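Listed next: structures, encoded as structure tokens.
One chain, subunit A, links the two complexes that follow: it is found with subunit B in the first and with subunit C in the second.
For the complex of A and B:
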């Protein structure tokens, strides 16, 4: 019996031999996975860990009937092909990146869920494709992206240019939506991890354990799909899928008050082996000296190499651990990178990022309010423009004639304004402005709004919690302190290749401000029937009075013979001996 | 009579100018009782700012004014305060002249009826004398100009003042007998806020009466005149709407203005009945009740026309009041317009039954509106029900006031024809009942 089965199996394998599988295996590998982990100690004593998994696939998803998916996840590949997606960027974030204290982020995302998509020019009904896309992504990532509809979708004209290859940029093919109320939790992390080729079983993804990742100040996971040039001549298109996850571990809660960090302390795991499907697997630790002094950070075990690069306009030094190099796992089976501070850090050494912003709601009461945005340019001598995109829900009625932009006490007129007013229950407000920020200045942008009273069914279950206004987006080309050399974008690590940079003298930054929480006046939810009755009573009072006056005429009153009550009263009076009525 | 009127006008202008310069101007401009999404000045400025930005003012849900208002304020935006003061003055002067003429007509008709022996012998004290009618026009102008509702409406720069002015000119034109001007002004008023459509009936009745055309459905001259007036009205309306189209080259203003008035999507609190009703309405019945409430404004016209066909001016007054109470976004400016006519019916005072309590209700509610608004919106210690209750009370007060005046009017008419001292068949004093 067993012998017969083995022979049968061998025969089957031989028969399947000259099929397509053999031909595929025979060809050169057309997809590649590169994983990177960047550990950045932050000036306040916290540590940021950024994972990036890049899968690059030399296939034309748009045209071909591609059926054999290897490293590229089939769910996303079929989505791109079926709905005519050119670029997709989805981010799910919990917490807020404090740019002022933590420095410029490698890749920031707004609190909640953010989805922006460029569609191919061949798509005829972009709104329908957008709706389908958000529903499918909602299923894939177990997130409530199905709440994305026309009331929170906008079409920006200047802010979100394509990050991949693009022929033309007709902005009617772009859709942007943000759900600030979305919460990120383990059930969003699990499908995200499942899209990785090695899952969470090997390579850097073993560190992604939910109980440690969500015990943090900031957790952001993102998926970016875009077409890129296959090679330098750019004759063919490859598809790149980047999955990034940024987490900031808090010095007090995760670090237990000590500023020494290690992989085990952060993730309660260490790296044991590499993902066999990865062509590159590296851990970078940012050991850049601050203020041009000697390093104040010590890493152990000793790194395989030290790499210097100009990232975000600043010269940075990285200790690199190449997990694919055989020497790494020689001494021990696991790699636990440890970071120790050589000397205590002085808080005055905190470098202030060149561009940072904050936003808040001003005013009091439930009738009106004001959205104030403060944008800081801390560069000592260079001015640069910034594009501000604000999406405000329709129930906060913005008054654009109250928009004021003040820099250094004087009015600052934006050189480009695109304003699309909201339509009640259909469309949100969209305000895009190009503002010039002078060197070393604070720009204050204020706009007044009125709070609407909604129908009682339009309030969320907890109406007094308030309504969220999504983060506003600032896009700018910030001048670098140090000029960046043209390097091979494919080989450069750490996210410098996601954003375009036209020359080495500035780098692209996209910042998000805080989301806002605004209270609206509420009706009394327990009273619908009472209100209907009372208002109809008032209308009926008018109707009744007018009906009487219109249909009846005046008559002289006839003496009435007396009804039953009068006769009964007369009887009682006779008994008492009193004269009758 | 010109001198006292000029004095009143000066006093009114002074009060308004003083309030414009004071800090109360900003406070009053924000009051929801005085401004509504249809006529707030902030929204006019916003619409003009949108036009400057190159965006159509009707592409958003903020601006609900007609294109002619854009046209008007595009040139006059810097003189806005002056424009509104002049508008108020023009309204008062128009009402003054109208009531002056109306008094003459009333007196003539009264004389005719006395000579024809239509009145009972003992009603001498009910007949209006020229002496008591002499100061009525001035009182009307005074009531309008110095009414706190009108002053607040003017200081808030609410375009309700412009609507009132157009209606006042329409009434003047009707009383003077000019069908063409009356149709044009009525078309302008309907164009701005849709509800003055119902004033077509009283104006038509007045003009027919003035031309001595009997109101019989079989009469050819009646239909001829009605057709003439209706066609004048409709043609002017069509011309005005086409002019508005050519201003911005789009029909966008029709859903933004008339669609907004009829479908009531904006539930900003005001002194009317719509906002809380539709905030608490079950979604399934929303369309039905919108239709019911809108029909409610229009359907009193025909019954009132049948009952009051001999008294079109009183019909006009009652119709104006019904519009002010039941329109979708009422403000105190609308209330001020029909209250200006109360001095004309001074002679009904002895028949009013509840005037004291109703005036108290209206005054107290006017004071309670800002208090309860503050408690709901700013202090957070009350909720929307408090403000809604005052809205209900205010509207009941207005409704009972109008029906009281209506009752008094009908009662006086009965006494005029049947005599003041009524006796029953057995000689004892009789009571009058409505049966």
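For the complex of A and C:
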């Protein structure tokens, strides 16, 4: 606000008591910031950049006594403490991650806004807390999260387990909602950047220039808050805030025809400075050789080190630039990582991810339809189960008896089904299934629905655009080709450590399918006004003639001055300047 | 604004010690007397103050207490003997020649709800002095005017009146440390200890007035909105008084509003200037440096600039480690806090001596002072809220009032009435509680989502819809009216032609 007057304070009061003891110098820091940028060249020639900023705070937010913030943003900390949040995951996404062509993403999110929250067992009215939370978040992130209500909130039973430390997993404490229509833009990015301790003034966040980030084919920003173990013994709780941002730059729109990338080409900025608050600041570039051959990519300047890890069942090699190492900025004032392809890639090399899916609406007409989901397991010899979560708005009335799951021409019976039917205007459909995917197979899941008629006030603006149905969620433990080693979470790169890995033989994957756009029978909204206009006109015309009939007086007309022909002749004569007849 | 009529009754005991009784008493002690005073705010708002004085002479224990060596000891000894209800005052009149009060001091205001007053010869002189004391200890015309600042015509308000925070059910206090240059300075502050040591005692005392929550944050790379001017003579940077209003806005964007609560936020900012701009000093209007290097902004909070001493050797490695001296900082912030609550001790006549509140941070009578002002302000707020609600209902005839809204309105009216009654009975605490309830109920009714006037279809638009009906119907009527006019005009002309 505009503080108009500032009055000088000249008053000193000796009210305060004795001076404090000098704070111990070199006090142990109870919070730490790590930042990381992962550059992944995608098989299509595009490049994905994933930022992760992790603030870890060795304090228990839930106790409520803590109210002195340093690196952890106060707005979020207060929210967690005030509303009894156990875990919070918010993602705002523009565009769709094409798993089939881009491979498994480090972090995927559905198009639009996604929010899922685990509450503390102490929260008595979870629905009220959920409503309040979504309203406050909508204020903090300038997003329309306040449109989250009971008609788009579900309580999944199996798909969303807590990612952090959790004692129980009573799913009544969980709420999940997706707003597929949400448009993500600069006004959502600015508050997100403001939560970073260094803002966008120093460190990796300098690259976050809205103009470039939204000139891309996929943009997803997220906030994850969860409690984690403070150390290996796990006797105390720390809180972790992860801010992630994934962006995919399209090589066609860069317009140069060459698939060479550099930080400057992507973000129109280079790295010049480190955030002095960060305890770790690294840039990883994925330079994994495909097909065990010679490496394809060349990076310059030479990386500080090379990191090898097994990520999502695949052996990966990363070139690492450690911004905190003094040698990096010695040679040049700024870091502009460049990627060059050594030889052109052919499309046959494109690896197909083990699990991917596809979804579409079938059927014709405006009465019924069919949702089809195709799930692909391309693993050559291993079958694995997948949990499918489907949320469908109430105005598409699902017929569960039409649910068919077909794999390789045979019916595939799900081993677990949780179905909660919708209630008109209060609750969406929730369908959760555990489906076994045989090796090298395609599973087709279809379910038919009927389109409901809405009340005329329930239609959104531009109803002929259609109604969105949120992405369905696939969660699976995908068997790994290569055995994974147990890593120390604190040491490994951030992009590998959000999802907990269960054992060495499989890795967790969560995928989102395309959101659907369904047309509903839409009335002609101008009709009431047209009817009013028409009836009014008819009434007015009738009224007019009656009025004339009742009020006019009628005379016998004197014989006229000749017929039409004579009058016409007179007009012509007048024009010619001849006296009239 | 809506009419408000309040009578503030202050029960006051005037206790004469031996040798201090004026000669011109109308009646023998004890007796009662009432003094009224009108505080004019505007035409529709009248506040009357009424001091109900009970004159009596001291009792044995009081006499013994007044025999103490210093005023402070006497005040402590007298405390258990007096009426401790909120809003009541006890004045002990001591003889003209008493050595309890230092030279040149006529009034000593204690930590609680009592004062020692030097007898002023005649009763009239004493009463004038008592009135002055009562205004310091409970309320004065200016403090009431400040509480009702929305109703006071612009020209008549003092410059400080709009500085005080509006009455609210709660306040959030946020201490922020701004470090615009984390590369050069690592700043540590022991805010937790400082809050516990200095702020908490004050807030504990103030908890009767409102709920308080305290938190703190550190913001990096947060810069002031003004580039300070370099002064060659002192080789320092200067912020002049007229540029201070521009300082806050860019900082405020970073402060982060408290999304989780509806209470007003009080911001206290400690700014450690960048290395390239230090040392930084604030100048007042006359160009002299401000000794505290701090300023405050009305109804918003305060900012203090904390300069880091330059390292002894220029090659000292960066970043410099800075430990903030919290005693120095909190002294300023607490003074600003008092100022924002209108508890400044500046405007006291010179012959008054105020006892410092000590560890509690706030004297009992200062709390009363706040309660008086907030009670009056709450009553005025409720009256304004309910009036504008009534105006809205008058404007929209077909608005739907739900039962719960109606009951909130009834409750607000009942509470505000009881607040006014309690005030006129001299029960300050009960009146304040009732006024708080009234504010809660009236706000709840006013902000009920069902009373949004946009939910109701305005009448002019209904007419617009029926234009296709009215317009064609009006055409024949207007035509025939025109015809009638023409015909009557013709008929009038015709007779003149006949002539």
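A few remarks follow.
Everything below uses one rule, namely that the second predicted complex is superposed on the first by the 498 of 581 C-alpha atoms of A that agree within 3 Å, B and C clash if a C-alpha of one lies under 4 Å from a C-alpha of the other, contacts with A are read in each partner's own complex, and residues count from 1 in each chain.
Methods note: a residue touches a chain if its C-beta (ideal position, glycine included) is under 8 Å from a C-beta of that chain, and two chains touch if they have at least 3 such contacts.
In this text, all values refer to a predicted model and were calculated from it rather than measured experimentally.
Of the two partner chains placed by the overlay, only subunit B lies in contact with A:401; subunit C stays clear of it. Legend: residue contacts after superposition of the two complexes on their common chain; A:457 is shown touching subunit B, with no touch to subunit C.
Shared-chain residue A:576: touches no atom of subunit B or subunit C.
Shared-chain residue A:75: touches subunit C; no touch with subunit B. By the touch criterion stated above, A:410 is placed in contact with neither subunit B nor subunit C. In the superposition on chain A, A:541 makes contact with both subunit B and subunit C. When the two structures are aligned on the shared chain, A:533 is found in touch with subunit C, with no touch to subunit B.
Once the two complexes are laid over each other on the shared chain, residue contacts for A:333 go to neither subunit B nor subunit C. Residues 532, 539, 541, 548 of subunit A are contacted both by subunit B in one complex and by subunit C in the other.
Subunit A meets subunit B in the complex at residues 364-368, 394, 397, 399-401, 417, 419-425, 452-457, 521-524, 527-528, 531-532, 534-535, 538-539, 541-542, 545-546, 548-550, 552-559.
Only residues 30, 32, 42, 45-46, 48-50, 53, 55, 59-62, 265-269, 273, 275-283, 293, 296, 300, 303-304, 306-307, 322, 325-326, 376-378, 380, 383-385, 388, 392, 395-396, 399-400, 403, 406-407, 410-411, 414, 422, 424, 426, 430-435 of subunit B touch subunit A when the two sit together in their complex. Every residue of subunit A that touches subunit C in the complex is listed here, in rising order: 1-23, 25-27, 67-71, 73-75, 78-79, 82-83, 136, 139-140, 194, 197-199, 201-202, 276-277, 529, 532-533, 536-537, 539-541, 543-544, 547-548, 551. Subunit C meets subunit A in the complex at residues 159-160, 163, 174, 182-183, 188-195, 197-198, 213-218, 220-221, 241, 244-245, 247-249, 252-254, 256-261, 282, 284-285, 290-292, 294-298, 300, 302, 319, 321, 323-327, 330-332, 334-336, 338-339, 344-346, 356-357, 359, 361, 465-466, 468-469, 471-473, 475-477, 480.
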